[in-house]
Structure formats: structure tokens, C-alpha cells
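Pasting the structures here.
You will see two complexes here that share chain A, one where it goes with chain B and one where it goes with chain C.
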Partner chain A sequence: MVEAISAKASRLISPRGAMLVALGLIALIAGAIGLTSFATGYVIYIVNLVMVAIVLALGLHIVIGECGQFSLAHAAFYGIGIYTAGLVTNLLGAPFWLSLLAGGLVAGLIGFFIGFLSLRMRDIYLALSTFAFGEAMQWLFLNWTPVTGGPNGLNIKPATLFGFQFLTDRAAFPLVLSVTLVILALVAVLHVSTLGRSLRAVRESEIAAASVGINVTRMKLTAFTLSAFVAGLAGGLYTTFSTFIHPDSLGFQTTIIILTTVVVGGMGSLIGAVGGAMVFGLLSELLRQVPSYQEMIYGGILILFMMYAPRGMFSFVGRR
Partner chain B sequence: MSFDVALLFIQQGVASGLVTGSVYALLAVAIVIIYRTTDVANFAGGEFYMAAAYLAFFMIAMMALPFWLAVIATIVVMCIGAGLFQRIVLAQVALARGVAINLVIATLGLSYLVKGIVRSTGFGDTPRTFPSVVPDGSFTIGDASVSYLDVTILGAAVLVMALFFWVFNFTKTGRAMRAVGMNRRAAQLVGINLGRVEMMVWCFASAISGIAAILIAPKLLMTAEMGSVVTMAFAAAIVGGFTSLPGAVIGGFIIGITENMVGLFVSSRAINVAPFVIIMLVLIFKPQGLFGGALKVRKV
Partner chain C sequence: MIKIFRTLPKLASAALLGALIVGPQAKAQAPAAEPGLTATTIKIGMFGPLSGPSMAYGFDVVNAARMYFDKINREGGIHGRRIEVVVEDDRCTANDVVAAVKKLVEQDQVFMLNGGSCSAPVVAARDYVVRSGVPWVMLNASGDGALYPPQPNIFGALSISQRAVGGSTIEFATRQLSAKRIGYINHDDAYGAWNLEAARFQAAQNGAELIVESINPAIADVTAPVLKLRAANVDAIIIATYARPAQLILKKAQELNVNKPIVIAVNAIANLRQLVENVGSREAFRNVYIQELLAAAPGSEKLAWVYDLYKQSYPELAAKPDHPQVYMPYGIPPAMVIVRALQAAGPQPTRAKVIAAIEQLNFDSGVMAGPISFSPTDRAGQKASIYFRFDGQAMTPVPGVFASRWTYQGQ
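On to the complex of A and B.
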């Protein structure tokens, strides 16, 4: 399995491509070192947020980009990840990796359940059931006061690792960066693996996929579960540098932001999802003070991209 | 809970449920005709409703127009706006890459855009009350108390639905809409102007949403978030089968009554989860809804 994947990867990435990737990684690490020594805490906070946005986009990418299934519940899975990870940290004092995984696993489990319920639905029915699930979860976050703190929000203790507490954004930054890179690598592996290919086959045509022996039902369920798992990881990642969560930030508008990210990047493009997340992670932080403009801009972008660039911004630079 | 109280709750729940249900039914009809004819699930339906309420409020309270003039003007503006959206945006989206997901995303974009526009005018930030033209007061049917406004809402909603059913079933325009819903290519072959019919459907749907908004607005506080009621309308449409107009109407009343019953017997805070539970239950056990007929397999 592993050899097969690495063989495929080596065929996909030419020596020149490998060099570029290596150069990119070196530049990234150099940039990271520079960032932690020069930038202010707020800038590092935003960079951390952008990385959470990248992981979130990767999560939605799996279900919508790879498998072609609609999900409007990603803010909910993200929220489940945040609350689970936060509570595990708060109550058990668990190290960050444990709470991170707990967030991912609980979200993945619920994603599996919702995916299972939604198996017979497609297109709009799937959109509607996930939309309703998202609304219901936000209601739960807001009203399950003993657990989530309800409208008062939930304070989250700083993340710990080997007894070291990540008290500041600066301290958490290397952690967030490495977790993001690991998840990115895993999703890239998924993309080139047989599983990824099967998912894309389902996206292109369920009937054709079934006719070559792909278990369509299992693929959809896998995509849904993995996607929710990654969204939960994004939630866990958020708790490593942020100490407070409020249900207001987990509503439908978050789903729209994630959706815009993936749509603008180009549904189905991994690089697009990452690029889109960088742009919109930054943009939503800049527009935080003016919610009405944020709504207009995101709405307008969604419409314009669907009209003139349905394959996303990277279609202009000649992807495929 | 004693039997008498339960009986009172049931009567009151049905009475109030019929009123709110009639509004859900109108919104569900708007969603269903769009889905039936143009294959688009309109996620901006709630924002049509919200925008219409604000438009009417602006004309009545700010420009001091007479009520009837404001209502007509609102409906006309809604018609034009939705028609333009269909003609300019959706036609282009379908042309660029006519996948169902893309069309849905475009309506999601519209819903967000409209919400942002209403909020940026400064109107949507403070909750407002819509002036009522019906005198206050109420009477009782059985043990349930019903206000004059409630009766007006229910009556007007039923009237609008009857009118629409007549248009849909007995006029040439309605026949064209039904034909497009059944088979687009065949409809085109017999000389139906597809673009015009699709635009008309969006006009009709937004007019119906606008009427629903004006009817219910005096009963509730207006906010920019009031469009979230679309979840209820979707639930109603799904209960009815998503392609059936009578189904949408009955679904609307079922959702309205259920909502009120949940509010009275369980907790008013549980109302928000009720549509989710209903949508899930219907989709799991009877995916074709109550009136959807056999599931249609779409040919590739």
C-alpha cells in the first residue's frame, strides 16, 4: 500500500517538481523563523488563524472537491472539534495532541453518522439535510449551557505538551504550522492514492464508478467521515492558540466562508483549497469589524465565481 | 399536565399552527415551483422574504406610502429583482457549468449578498416592528384565542395560494411552467420560450415570498436574520415531497402545527431543532415525501 502510494507520488512529482517543493519548504521554514522573531503577536495570531482556515478548507475539499458531495455542515463539525478538544483540555488537562485527536475523532464519528443518514440523498437533499444539521448543532452549542457554556462562551485552558504550556500565539505557532503541514501532506497522499482516485470517480459519475467495481456507498461515507474528521482537527488546532470560543462564530456564516474558500480555489483542486484559505482567512479577519461588507463581498464573490470561473481562480493559470 | 390543559394546548397549537403554517406554506410553494421548473434549490428564499419585509417597511414607515400602494410596489420590485437574478446570473451559471451544486452555490451567494445589503443600509441592525393594518383584538374558537390579524393572515394566504393554483393549472403561462418542469427539451420543441418561462417562475416565486413576508411581518420583530425561517419552508417542502405543490401547502401546515405543539408541550427553545428532526425523519423513512410519488430516476 505504502509502496504503491510512494510509487505513484514519485511518478506524479518530477525531479524538478521535487526540487521546487523542497525549495518551497525551505522558504516556508525560513519565513516561519523570521515571523516568530520579528512579527507582532497579532500578526502571528492571524497567521495561526489562516492555518486553521487551510485545514478547514482541506476538510471541505475532501467531500466536495474529491467526492462531489455537498455539505453545508462544516461549521458544525469545526465547532464539535473545538468544544471536544477544549473540554478534553479543560477537564482532563490532556496534552494538545490528545485533545486535537479527540476533536477530530468525535467530529469524524458524528460525520459518519450524518453521512450514514444521508446516504440515500444527493444534490439538494444532501445540501438540505446537512444545512439543517448545521442549524441544529449551532442551536445545541448555544443552549447546552452546562457543557458548552451557552451564550457565555467557553474559556479554554492553554494547550500543553510535555508539561510546557503554549501561553502565547507565538509559542503555539510552530505547533500549529507543523500540524497543518502534516494534515496537508496526508490529504495530498489521499489525493494521489487509490482511495482518492475512487472518490473522484464517484464525483464524475456514480454509475461509471459502480460499473468498475467501486463501492459508491462506501466511498461517500468515507469522504463524509474523513471530511468531518479533518474539520474536527481544525477545531482542535484552533484551541491550541485560542483561549475562548463563542457559538456565534460557528453558524452558517462560517460555513459560507469555508465554502467560498473552496469554491474560489476551485472545487477539486488541492492547491486551490490552500490558496483560497490563505486569501479568505486573511480577508475575513480584515472584515471582522464590518459584518455587512463581509456578507456582501462573500456573497458577490460566490455569485461571480459561479458565473465566470466555476473551476476556481487557478483555472486561469492553466490547471489541467 | 391535566387533560384539560392538554386539550387547550392542542386547540391553541392547531390554531396558531395554521397561521404560521400558512406562511411556511407560501414560502414552500415558492421554493417548490422554482425547483420543479428550473431544478434549482433556492437557498435565497429566506432572503427574498426578508428583503420584501424591509422594502415594505421602508415604503410604509419612511416614505409614508399608503399600505396598498406599498404592497403592490414591493411585489413589483421583488418580481423584477428575482427575474433579473434568474436572467442575468443563473442563466450564466448554467451556461458556464450547469452543475446542480454550482446553481445552489449561486443562490447561497445571493442570500448572503442580500443580507449584507440590508444590513449595510442600517435598517437591519435594530429589530423593528411592522405596522399592522388590522385592528387589535381577538376572539375564541373553542378554547383557542385567535386575533383578527391571525385570521387575516390565514385568509390572505389561502387566497393567494388558490389564485396561484388557478394560474398554475388553468392558464397558458401555468401550463408552460408545468411543461418545462416535466421535460425541458420537449417543452422547447413545442415552442415554449424556456428562458421566459424560467424567468416568470422566479418572478412568481419571489412575489409569493414577498406576500408571505408582508402578512407575517406585523406578528414578529424584523431583523436581518429573519430569513432563517427558510429552514421551516424547506422542511415543509420536504414533507410534501419537494416537487408537489399541494404537498408543499400541507407540509407547511404540518410544520406550523408541529412547531407550535413543540413550543407548547416541550419548550420554546426546542422549536429550532424541530425542522431538522422532521427533515431527517422524512428523508430517512419516506424520502419522496407525502406527495412526491415514486422516486424519479434521472437518466444520464
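On to the complex of A and C.
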């Protein structure tokens, strides 16, 4: 048994790889300590936001990058995660991990039902139906006032763990970093697993995948459910350092930004999703310093990448 | 997979390097006592929409506040200290407002904040500002969500709160137009919910009936709400929406031959000339009144000093056709509040002293329709407005000032 696990682990990661992982983690911990010790709360806030963007992009990566299905509903899943986690915190005073998990599970459950749509539809029809779902959810966030606060927005109590309240970005940072790393590791494992290969087989050709015994229906359902679950987790993660949410932040524009992140980062590439989220997360903040020209610069960057790097800005690393 | 792990050490090293670069800078700026205060300067953090679709609500408002601070500096500053301003673009979105505020407080180490031009997004910064204890005087955001319930260090509604918009328009419609049945078109967002709350209150107090049509700000066809109000045979219609739906409503009201008086709340008047052009017919303005928060008509003699100061301070902008923008003078009262509070706080100001001083302020700005007044239980500074009859070209003042009476009841 032990040998079997060891053999599986060795297929997943080589001794050299394990050493690199260990070194990477040590460097990451050192970087994190450095950041919390020296950087201002503002810098840590931006880093926290970027990590939420990474998790959100990982969620969309599962359905678009791995399984090749269109989805324009991720801002909605993200919103479901935020509202669920926020309400669990507000009403039950639950620890952050429970709120986080609740956000992911509720979004995942709804994603499962949305997955049924994908069984009959593809391409533009699937895109439109998921878009409609996203719009419907935003209407719900805006109008279900007793639950979501409606147009007044929802104030969320600070996240807690063992009675300790995460009142600042600095306090929440280790938490956000840990959760992001865990989710990143899980998505990386999914990427190299049999399930990941099956998802990519569906992406390449549903007929070919079915002909080798892959249950296409099950794969699509799995992709939508996992994707929504991860987007919900991103929402829960947001509530660990932000105490207010308004439906305006969860509309179609947000969906397009997430989609841009994944597509311009490099569709189908894990590094592309992560790198795209980092680049666009930071770019958005940096462009705030050049108010008059930010839309032009942003648009110009997008056009250049589409022209000269259509496979994504990180297409040169790790595409499978 | 392995390639991911190969990049991790590099990423982590970069993060560590970044922290080392940013860290000392932050430490070097950390002051001993009150942040943002030196022997010769007081640092104020400003934020507003300097770009994007909501720019008209704040760009020139920020400019107006800056020029007032510059004027005070030219006159010798406050107790020998010059006001130094750091400005951030908040794009009128919640995430950007929070990022701007955190940068100003934590990175730029400002003494106090002066910012916010859009109602809903400013609420996102409320909890953080309260926890940080930094005094915050809003620009022209109505900011009801951050002002009610009252917070210890947040002050605003220097132009008007949304509650006061609703209350004042009803006061005008009932007192001036003798309306008993009032059609009220608002948005189905935070903005609309706030102004409707006080509108209902004032209508009940004045014995008027309110027929409400709440519409989406992105509405493309307003036929249904206008037809409903026509069928309800209302005595007057109040439009408390943004500019775009307002022009659609005016157009439709003309098409459907609605000849009752129409009162346009200040929210809809980002650019009056543009509103007329977009409606396309002066006939649509045959029975229209507009709400104005200033003490007199924009550009009139009473407010000439504000417009003259703008021309002196920003000659290049003033030469452009759309400047100063409509809301420009609204930047003056918040700057006045800050200057008066700093003066009252004395030569050794602290944030606590400034907050205590703002709580006691009650003065006539000479710029806004009503007095600016705060109290320990009321953080909304201005509640009145004046009205003009507007025929699409000329504005004829209606005598009197119409104030909202709604007060926060702790709900």
C-alpha cells in the first residue's frame, strides 16, 4: 500500500521537483514574512486582491481551459460565494474556514445545476445561457433586499478564527495566502490527474473522448461544479479582508475582466491563468495613477497581446 | 507541473525583494505622533473620479477643493501650516475607492481624508475608515450609506444627502406646486432607496400621496412608467434619476402629452445643456422645474468669486467648453469644513480635536442653499435646495429655500 502511494507520488513529482517545491515554499514563506513585516497595509490589500483574482481565474480555468466549455457566469458564482460566506459569518458568527467552505459549496451546488445546461448546449448558446444566469443572479443580489441588503450593499462582519478577528489586511494576509496556495495546489493536481486528462480530452473533441470511454456528460458536470466551487471559494476568500459587498461589483463587467484574465494569460494553461490574474490585478491598480489615459493603455495592451501573443502572454511556459 | 514549481522560487524571491524595497519606504514615512502633520504642512488625502464614465461627478469638484486650499495657503495657511494635497483617482467604483483610501492612509500617511463623489461606492470604505480613526470629510457624494447610522469620524452630504434630495423635492412639489398626488420616479438602487425613504416621510408629513415608479438606471424604454403616472392622474412628477433615464422620461412625457409640472432632481443634471440637446425639443421643457443645491444660479453674482477663482487657478481648463463642470462649486464647502475645523483645533491639531471641531460646525458657506451644520448625532451637512423654472434655455428662480425634514431614527 505504502509502495503504491509512493509510486503514485513519484509519478506526480520527481525528487528534483520535490526539492524545488520545498525551496519555493521556503522562499514564499520568507517573502510573506517580509511582506507582512515591511509593506504598508495598502500594498498587502492589493496583494490580497490579486490572490482572490488568482483563485477566481483558476475557477474559470477549470471550465474553459481544461474542459473547453464557455461560461459567462463566474461573477455570479463569485457573488454567491461572497454573499453566502458573508451571511454565514454575519448570522452564525462562524469561523472563516466554515464561511469560506459554505461559499464554495453553495456556489458549487448551483454550478452543478448550471452544468446540466452544458449537456445540451455548446459554443455561443452555452455562452448566452450562462450570461443569462449571471444577469439573473445580479438581479437577485440587487432585489432580494432582506437577504443581500439589495441596493444598499451588505456589510460583512470581520472574519474570525479561534475568536480572533481579522480586522486588517495584514492580519488576513497569511490566511489568504494559505488558502490560495492550497487551491492552486489542488488545481495543479487536477491538471495532471486522470480527471484532468479526461477534461482536456472533452475540450479537444467530445466525439473522440466518448469513443475512448470517457463519460462526456459527467466530465462537463464535473467541470462546471468544480469551477463554480472554486469561484465560490474566491468569494469567501474576499470576505476575509473586505467587509462590504455591493451588487454593482458582480455584473457583466466583472465577468469580462475574469474572462480577459484567463484568455490573455493563456487559455488552457495553469500558469496563464495565474499569471494573467497577477498581471491584470496589478495593472488595474497601477493604471489608476494615470487617470486620463488608463482605458487607452489598458485597451492598447490587450490589442497588442491579441495581435502578437494570441495564445496568451504566458504561452511560452508549461502549456499542455 | 515541474515547470510551475521551477518558477515558484523566482516568484517568492521577487516578492521578498519587493517587500524589502517597499518596506523601508513605509518605515521612513512613519511619523512619531499624528500622521500627515509636520511643523509646516498638513497632508490631506483627496479622492474622486478623475477618469471613466463618472468623471463629471467629481473631476472639477476635486479641482474646486484644491483651489480653495491653495487660496488658504496663499493667505498664510492654518496656524502657519500649509495644506498639502495628495490626490487619488477612485473611478467611482467600490474596489477603487477602498484602494485609494488605503493608499492615502497607509502609504501616503495623510492626516485626514477629503473625498468621494459617488454615493454607493463610498460606503465600501466606511468600515476601514472608522477602524483607522482618520477624519473623513466627503466631497459631493451624498454617501447616505456611510452617514447613516452616524459614524464617529465620517462627515458628508456637504452638497446634499439622497434622503434630503427626496425630502426637498416633495417639499417643493407640495408647497410650491400644491401637489397632492405626486408621481415619483427613482432608481431601484441604493441611491433610489435612500431618496425615496425621505420622500415618503415628507409626503406623509405634508399630507401628499406618493405614486412611485422605481426603474433600473440602465432602462432603455420608459413608456410604461410614464403611462402609469399619466393614468394615475398625478398633480406633478418628480424625476430623481440619473441624467440618462431623466432625458428619456422628459422625451416620453412630451410624446404622451403629459402636461403636469415635472421636477428634475439634482441627480439628473450632470450637464444641463446636454440634457436639453439630448431631449431634442424645448417643448418638452414647457412645465419643468430643476433642483439646485447652490445658494444662487451657477455663475450668478453671489457665486462669481468661485468661478473667478476657478479661472485664475485653471486657466487652461476654464478655456475648454465643458469646464467648469456643473458640480464644480460643490468642492468648496467640504474644503471650508476642513479649514474651519483645523483652525478650531488650534496650533497643535490632532485627529480627535479635528473630529470634535467638525461636530460643532454650523455656518453659512455662501455657496450652498442651506447652512452647513453637524452635531454629535448628525453627520449630514446640508439639507436644503432652491428651484428654478427652466424652459430649456432660461432659468427663472422660484422664491424660497425648500428643506428636507427627515431625520435618522436609528432604524
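Assume the second predicted complex is superposed on the first by the 268 of 320 C-alpha atoms of A that agree within 3 Å, B and C clash if a C-alpha of one lies under 4 Å from a C-alpha of the other, contacts with A are read in each partner's own complex, and residues count from 1 in each chain.
Everything below uses one rule, namely that contacts are C-beta pairs under 8 Å (C-beta built on N, C-alpha and C of every residue); 3 or more make two chains touch, one makes a residue touch a chain.
Not measured: the values here are computed from a predicted model.
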item	value
Partner chain in contact with A:244 - chain B first, chain C second, else both or neither	second
Touched partner set for A:147, first chain B, second chain C, both or neither	neither
Touching partner for A:92 - first (chain B), second (chain C), both, neither	neither
Contacts of A:207 with chain B and chain C, given as first, second, both or neither	first
Chain B versus chain C as contact partner of A:37, first or second or both or neither	second
Contacts of A:263 with chain B and chain C, given as first, second, both or neither	first
Which of chain B and chain C A:135 touches, first, second, both or neither	first
Touching partner for A:295 - first (chain B), second (chain C), both, neither	both
Common ground on chain A, meaning residues reached by chain C in one complex and by chain B in the other	143, 291-292, 294-295
Touching residues on chain B, where the partner in the complex is chain A	35, 41, 43, 89, 92-93, 96-97, 99-106, 108-117, 119-120, 124, 228, 231, 234-235, 238, 242, 269, 272-273, 275-277, 279-280, 283-284, 287, 300
For the chain A and chain C complex, residues of the former touching the latter	12-14, 16-17, 20-21, 23-28, 30-32, 34-35, 37-43, 45-46, 49, 142-143, 150-153, 155, 167-169, 188, 191-192, 242-244, 246, 248-249, 270-271, 285, 288-289, 291-292, 294-295, 317-318
Chain A contact footprint on chain C (complex, rising order)	1-9, 11-16, 18-20, 22-24, 26-27, 50-52, 88-89, 91, 93-96, 98-100, 102-103, 105-107, 120-121, 123-124, 126-128, 131, 145, 187-193
List of chain A residues in touch with chain B within their complex	64, 68, 70, 117-118, 120-121, 123-125, 127-129, 131-133, 135-136, 139-140, 143, 205, 207, 253, 256, 259, 263, 267, 291-303, 306-311
